[in-house]
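Handing you a structure now.
Letters A, B, C, D, E and F mark the chains as written, and numbering starts fresh at 1 in each.
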Amino acid sequence: MPFIQVHLLAGRSKEQFEDLAKGITEVVVKVLGVAPESVWIEFIEMPKDRFSISGVLYENLKK
Amino acid sequence: MPFIQVHLLAGRSKEQFEDLAKGITEVVVKVLGVAPESVWIEFIEMPKDRFSISGVLYENLKK
Amino acid sequence: MPFIQVHLLAGRSKEQFEDLAKGITEVVVKVLGVAPESVWIEFIEMPKDRFSISGVLYENLKK
Amino acid sequence: MPFIQVHLLAGRSKEQFEDLAKGITEVVVKVLGVAPESVWIEFIEMPKDRFSISGVLYENLKK
Amino acid sequence: MPFIQVHLLAGRSKEQFEDLAKGITEVVVKVLGVAPESVWIEFIEMPKDRFSISGVLYENLKK
Amino acid sequence: MPFIQVHLLAGRSKEQFEDLAKGITEVVVKVLGVAPESVWIEFIEMPKDRFSISGVLYENLKK
């Protein structure tokens, strides 16, 4: 029953989400010995102005 | 002070959110004996291409 | 596939967790029309010195 | 390595997010003695019809 | 900057956590092209009486 | 209604939690103009063998 939440910056391609879902699930199934259908993954995208490092929004860091 | 986060697939009606909020709060108030105003619920919708089961995005499972 | 996280103060009885699990699941199944086995709930207990309201740890509020 | 998630109602200005990021990070760095670049903050906005108090969606509370 | 939260039942070995950390990070680095040190993973263990499926605590399901 | 979750390594003193609660709440009240009692903070401690950077558990990084 692993439930996995992946928080990442917005802007990735659909193929990248597909590859993350496939690859992470394979690791979890192999290491924990659980059934694939018991692995749920939620992807939470963070817009560049809703994520901060060092006290500065990521959008401003990049300017 | 229960804070409840409900992660669910996007696409439900406003009435369904109203009914979830009302019903879940009633259960929590009854079981825990807390004041209704101390029950906070956040609903987080997952688009079909941002949720995976068995290593496959939900959107692709349905194709 | 609703995944529900319930954050609450530590110190509840096992019967209360059983009743919350049963009651919340019944509401979700009824409102969303999903299968019961697709409703997962995680209970996260907050010790009284790890939760703050108004800038004061709950433990100190009660003194 | 503090990772901080701030759940708040949608509708704040960009300047408010900048000020929250700066102010919260300063507090964490000062109190914990960690490096600023190790403080990550994610802001999660809750639309008024996806947040409930007392079993009522915030949007309806305000009507 | 991916931040990943893995919720799983308590009772896994230290080696399993090491293998999950290593394997998931490798997938994320390869698919997203990010630096390894930007991948943070938090493991949150759920005791068997703090997780529910179908409205029944996992501990009771197993009896 | 901000609800704030602070994930940090275990091992901080009670005074540090008190100072974080007070300091973060002051920032949020000042920037957002909300009432202090509407600011809830949950502190989630991560043991050193339940947090990973670069694919290595923090405990092992320190050896």
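In this section, a residue touches a chain if its C-beta (ideal position, glycine included) is under 8 Å from a C-beta of that chain, and two chains touch if they have at least 3 such contacts.
Here the structure is a predicted model, which is why all the values come from computation and not from measurement.
K.L.:
Once the contact rule is applied, which chains count as partners of both chain A and chain D?
P.N.:
Common contact partners of chain A and chain D, which must touch each of the two, are B, E.
K.L.:
Give the chains in contact with both chain C and chain E, ordered by label.
P.N.:
In this structure, the chains that contact chain E and also chain C are A, F.
K.L.:
If you average the CA coordinates per chain, which chain's centre is most distant from that of chain F?
P.N.:
Farthest from chain F by mean C-alpha position: B.
K.L.:
At the interface of chain A with chain E, does the proportion of residue numbers present on both copies reach over half, so same, or stay under half, so different?
P.N.:
Counting which numbers both chains contribute, over half are shared, so the two copies meet through the same residues.
K.L.:
Please identify the chain with the largest separation between its CA centroid and the CA centroid of chain C.
P.N.:
A
K.L.:
Counting in whole Å, what is the centre-to-centre distance of chain B and chain C, each centre being its mean C-alpha position?
P.N.:
A distance of 13 Å separates the two centres.
K.L.:
Go ahead and note the Å separation of the Cα centroids belonging to chain E and chain F.
P.N.:
Here chain E and chain F have centroids separated by 20 Å.
K.L.:
Using mean CA coordinates as chain centres, what's the gap between chain D and chain E in Å?
P.N.:
25
K.L.:
Could you say which residues in chain A touch two or more other chains, in rising order?
P.N.:
1, 3, 7, 23-24, 26, 40, 42, 44, 51, 53
K.L.:
So how do the chains connect up here, line, ring, star, complete, or something else (other)?
P.N.:
It is other, because the touches fit no line, ring, star or complete pattern.
K.L.:
Let me make sure I understand the interfaces: which chain pairs count as touching?
P.N.:
Listed in label order, the chain pairs in contact are A-B, A-C, A-D, A-E, B-C, B-D, B-F, C-E, C-F, D-E, D-F, E-F.
K.L.:
Residues of chain E touching chain A in their complex?
P.N.:
Residues of chain E touching chain A: 1-9, 12, 16, 19-20, 23-24, 26-28, 30-32, 46, 51, 53, 58.
K.L.:
Can you check the complex and tell me which residues of chain C touch chain A?
P.N.:
For chain C paired with chain A, touching residues are 1, 3, 40, 42.
K.L.:
Give every residue of chain E touching chain C within the complex, in rising order.
P.N.:
Touch list, chain E to chain C: 7, 44, 46, 49-57, 60.
K.L.:
In their shared complex, at which residues does chain E touch chain F?
P.N.:
Its residues touching chain F are 14, 17-18, 21-26, 29, 36-37, 39-45.
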